[in-house]
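In what comes next, subunit A is part of two complexes: it sits with subunit B in the first one and with subunit C in the second one.
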Partner chain A sequence: MKNRSNDTQILLRVNLSTGAVSREELPRDWTRLYLGARGVNSRLLFNEVPAGIDPWGDQNVLYIGTGPMDGLPVGNSRISIACKSPRGSVAEGSGGGFFGPELRRAGYDYLAIHGKAERPVYLYICDETVEIRDASHLWGLTTDKTDAALRSEICDPNFQFRYIGPAGENCVHASVIMGNLNNSAGRAGCGEVMGSKKLKAIAVRGTGGIRVANYAAFLDAYKEYRSRLDLTTSRDPWTPVWSVYGAPVLARLFTDMGSLMTFNAREMSWGRDKTARISAEVFLDDYVTKAKACFNCPWTACQKQYEIPKGKYKGFKGGNYWAGQPVVFGSSIDNDDLDLLLVISGLCNQYGLDIFHVGFTLSWAMECFENGLLTKADTDGLELRFGCPDPDGLVDLMRKIACKEGFGALLAMGSWEASKVVGRGAERFSLSIKGQELEAITERNNYMVALGVAVSEVGPDHTRWYPPYPCNPNLISKEELHELGVDLDLRKAFQGRNPEEKGKLLRWFSISRAIVESMPGCVFLVRDTLGLDLRPWWKLFGSATGLEMAYPDFVRAGERVFNLERAFNVREGFSRADDRPPIRMATEDVPHFGYPKLSPEVFEPMLDEYYEANGWSKTTSVPTAGKLAELEMSDVTVALQKAGVEVEP
Partner chain B sequence: MKTLQLVYVAHVCMLSGVVEEQASSQAATLRQLIDELDERYKGFCEMFVDAVTRQLRWDAAIYYSPPGAPPVSVVNLDQPVQDQAVITFW
Partner chain C sequence: MKRIHVIEDLCNGCRLCQSFCSSLSEGVFSEYARIQVMKAAGEERDTPVVKCSGDCVRPIYKNEIPTCVAVCPTGALFYAEPQEAEEARREWENARRQHSLFKVIAPWKWPLPWKKQQEEAA
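So, the complex of A and B:
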């Protein structure tokens, strides 16, 4: 396999119904218009997945996309996975590891998986060789066993894999696509759709390479980018914290701030002693066996493999402890046993379950149980109370959720859909938006987060707008911001509970994230000013691809991406009414901290500001024809109108 | 003499050896408190105070909670320290 230039994008199409395989070069101007990864996936999805199709049907397409940075020493080795979500919206998520660079070395930038197989299969790709292989022997295996079986079968350690676990096979709500044992992606519905296609895994190996267009300029751009992330030069308090301990340190900060969702967010603070017992500090001291990084990452090795050292779960091995687990498997279910927490979290990875779905659906069920909406007769005899009085029952429940067995079948629906089954107002305990569970960062004391999770096209997803505020409002002057096209008052935007400027800030971070995820880049690699000042990304992109673009055109590419995703959603019937905080956050104040609920008086003006900043209708949230024309996407206006969507001029 | 609750997060724990402690302090300001802590934990001052500007370093952060109130991010090291305050270093 030869090296190839970095300005073309090759799509490999595989139809699982017919067995047909084809390669095509995507239009050359798509690199300029949508950059890559999430950007190109959003265009493919809008163009190729018709409105109103059955997400489980053979018309849904699963896209896996890389971008111009994949496989380069800059270390952004992400993939973007996209399809129509079973909740009707765009499903898109990114994952790290080594799969993206390997796919590009094999000569492909995108995979489009069409149709449905009759029996379980996996896709084998080795340079030009593309085969749909039988996976009957893999079906039903957990992700760790699937990984081992594929490695044993293929006998080449250089292969990279993506696979689903039993949860994906059984189309469990929000199930994810895993790789490298503990790298998950696509919680918005991608694992479910992969399972519905009976596609167990994708194996890829490539022997080619990618040519950087202008190496000297790329090296200069890399040095500038790297200086924003380096321990000695980064101007960001998260850099030293993340460099060793990673995201779970947030739990100890959150509990004092009224930001730690506790008892299903009925409370927002937990005891300091409890938080310390599940802290990153204890995890690192007693559990971590090895730190792992994604392909060529320039920052910290943020993935941590662990082994439980003693007790009844002694010897259990897993990987990765992020900001989410201390919340969803700690404070939210009132569990301060780190062993139990890590076992549940590790089992989620093995079954291919999404931790946020499982965690917040568990805490929803516990609140239902304590309020008499669920009883032991519903829970297969499990005493499902906060504090986890039956830990072994909880461990077994993971398997039941993944296999939709007994009480697990209810939880496998997710908290919103399960609320409809339980009835009697159970939905007020569901911490979800657009049918998908929240994540770890909270809303009532950080309005940027409240707005960000509410408007996200894929449901709550911090990677759509991260970081939740600039790391320091003094890092960039007002004049420099104006030069960058960011006309907002950064000091006001920095104030967590001031609704002013949040819509404008969110718009900018939405553009910023769309660009970074189209490189594609990691959510952690936007520290310092890399989320506000996109020029380092622009220089990396330009020198890597050889495409000369003015900076405002580069920014506009990011804007196109989430406009396309919004267009997809409104074509499916989503509207302003769907951009809401969860019921609890909209109706209850934060106890003990004085943070008020997200009332319409607070929330609606922020929503107006966001829509207006984007050039979207304030009534319907549909991008206006003028905005779409400005983005060179008048064809989207036509498509929306054809689908019966009202597009304002 | 004031009684303060001091919380150390992540890499700061490597210096302090504890994740949290109750401490007696005569410090009137955060700057003085950091100087006090530097005597106990050598290198504390360097971790939080920029050697040139003498202000809080760009890559460090402190949350200050007045008694019974939620924390706020510190921007001025010369701000007063109150009895029973909770101060988080990270």
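So, the complex of A and C:
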């Protein structure tokens, strides 16, 4: 295989209905306009997936995109996966691991999967060889068994895989696409779309290399980027802690701050004792067997392999403990047994389930059970109470959810859909936005978060605007902000319960994360200046691709990305009314801490400010024609008008 | 004579060493390098295999440390005389017995002087 440069972006189209495979080069100015990965995926999705199609049908397309930084030692070589979500919105998610560089080394930047196969298949890519192979023998296997089966079948340890588990095959709401056993991606519905196409796995191997345009400049830019992330030289004092212990360190901090969702967010603190039992420190002491990393990550050990050392689940192996698990499988369902927590979370990876979906649907069901909306007759005899009195039943429930069996079929729908089945006001316990489960993040004492998850185009997703915790406005000075053109009062913007400046700050965060995910890079790698200073990324991008762009143009590319995603959503009928906090956050105060509910008086002005800062219509949230013209996307205005969307001038 | 030593248990499998090594001669990032990180199936082990005396084509950090060692985030690679290597290994093993965070990082890479502060406080 020949080495390749960063000049061209190659798209590989595979049609599973007809078996046709074709390669095409994407327009060259797309690198300048949309950078790569998430940016190009959102453009492809807007252009090629028409409004109103059936997400389960063969018109839906699954895109897997890499970017100009994949295969280079920057940004962990993530991939972006996109399609139309079964809930109608954009479904986009990024995932780490080693798949992205391998795909680029094989000579492709993007994969577009059209159509539907009749029988289960997997896609085999090895440099120029692209084959659609039979996967009947893999159908029904969990992800770890799929991984092992594919490895023994292909007999080359250098192959990289992305696969779905039984949850994706059975089209469970919010199933994910897994890779490297424990790296998930696409919780907004990509796994179920892959399952509906009967595509079990993608195997890829590339033997080429990637040439950067200007090697000396790239090395200089890398050194600057690396010094900002290095444990000893980073500006952010939390860098060493995060890179060794990882995000679960937040649980203990959150319980003191009244930010830890407990009993399905009925309360926001779990007490220090219980939180300490499932803390990152205990995990590292007793469970971790080995540190893991994504491709070329400069951080030490944000992923970890674990093995349960003793007790009933002795010998259970799994990987990764993020900020989500201590909340969704800990405080939210009141489970302080770390063994059980790690087993449930490991099973989610094996079945290809999304942890937030499972966790918050479980806690919703527990609250319904305690309020008499669900009984033992509904739950197949399971005593579904907070505190998990029946751990074995809970472990078995994971399989039932993935296979849509018995009570599992109800939970597989997600709490919002399931509450429509249960009725009698069950939706007030559902922590969901746009039909998708919330993330493990506080809202009523951090308005930035409340606004961020509400407006996110793919349903609640903190990685699209993620403010590094703990929020520290001192990481970037006023002078630097001025230099970067970020015109806001950062101190005020970071005051948790002050609605001012939130919309403006969120706009900058959305831009910065859109850029980083289009490189593509990991959100953890923008801690040092809160991701507001993207000049190191700009230099890396320039030296790797040879494109000379002014910094403001680079920033505008990020803005294009989420404007396109918003345009896709409004074309599908989404509007301002869908950008809402969950019912519980909007109607109930936080007990003990005195944080009031997110009333419309607080929330609406923030929403107005965000739409105004973005140049979107305040009544419908549609990007204005003026804004789209400024972003060189007047064709989007035409497409929206053709679809019957009213675009303000 | 100095050479590149490996503590396999500390390798997290990121392959930064391999990527940079491959790029040094022609500016092309690939998997063809003098150091190869072999991954076992099941993600259970990552084993760096060094086929190099430490005589770097072009050390990117100008301190006579081979590039692969300079970019290693966990401290699994180090460049030392045989005697020093013995000592470093012993230092890591002692540290690991005292604190679990040295399961995943070498003591010479960890910036927070947690031990010293405790001693001073005592």
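Everything that follows uses one rule, which is that the second predicted complex is superposed on the first by the 641 of 649 C-alpha atoms of A that agree within 3 Å, B and C clash if a C-alpha of one lies under 4 Å from a C-alpha of the other, contacts with A are read in each partner's own complex, and residues count from 1 in each chain.
Just so we're on the same page, a contact is a pair of C-beta atoms (placed from the backbone, for glycine too) under 8 Å apart; a residue touches a chain by one contact, two chains touch by 3 or more.
Only a predicted model underlies this, so the values are computations on that prediction, with no experimental measurement involved.
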Which of subunit B and subunit C A:Trp299 touches, first, second, both or neither: second
Which of subunit B and subunit C A:Ala409 touches, first, second, both or neither: neither
Superposed model, subunit A: greater residue contact from subunit B or subunit C: C
First, second, both or neither for A:Phe593, with subunit B first and subunit C second: first
Partner chain in contact with A:Pro240 - subunit B first, subunit C second, else both or neither: both
A:Ala217 touches, of subunit B and subunit C: first, second, both or neither? neither
Partner chain in contact with A:Ala643 - subunit B first, subunit C second, else both or neither: neither
Contacts of A:Arg252 with subunit B and subunit C, given as first, second, both or neither: first
Doubly contacted subunit A residues - partners subunit C and subunit B: 231, 240, 243-245
Residues of subunit C touching subunit A in the complex: 9-10, 12-16, 19-20, 22-23, 26-32, 38-45, 60-61, 71, 73-74, 100-101, 103-105, 109-112
Footprint of subunit B on subunit A - complex, ascending: 231, 234-237, 239-241, 243-245, 249, 252-253, 256-258, 272, 276, 279-281, 445, 472, 475, 593-595
Residue ranges of subunit A in contact with subunit C within the complex: 3, 71-73, 105, 144, 147-148, 151, 157-158, 180-182, 207-212, 215, 218-219, 223, 226, 231-232, 240, 243-245, 284-285, 288, 290-301, 303-305, 319
Subunit B residues within the subunit A interface of the complex: 7, 9-11, 13, 19-20, 58-61, 63, 65, 70-71, 86, 88, 90
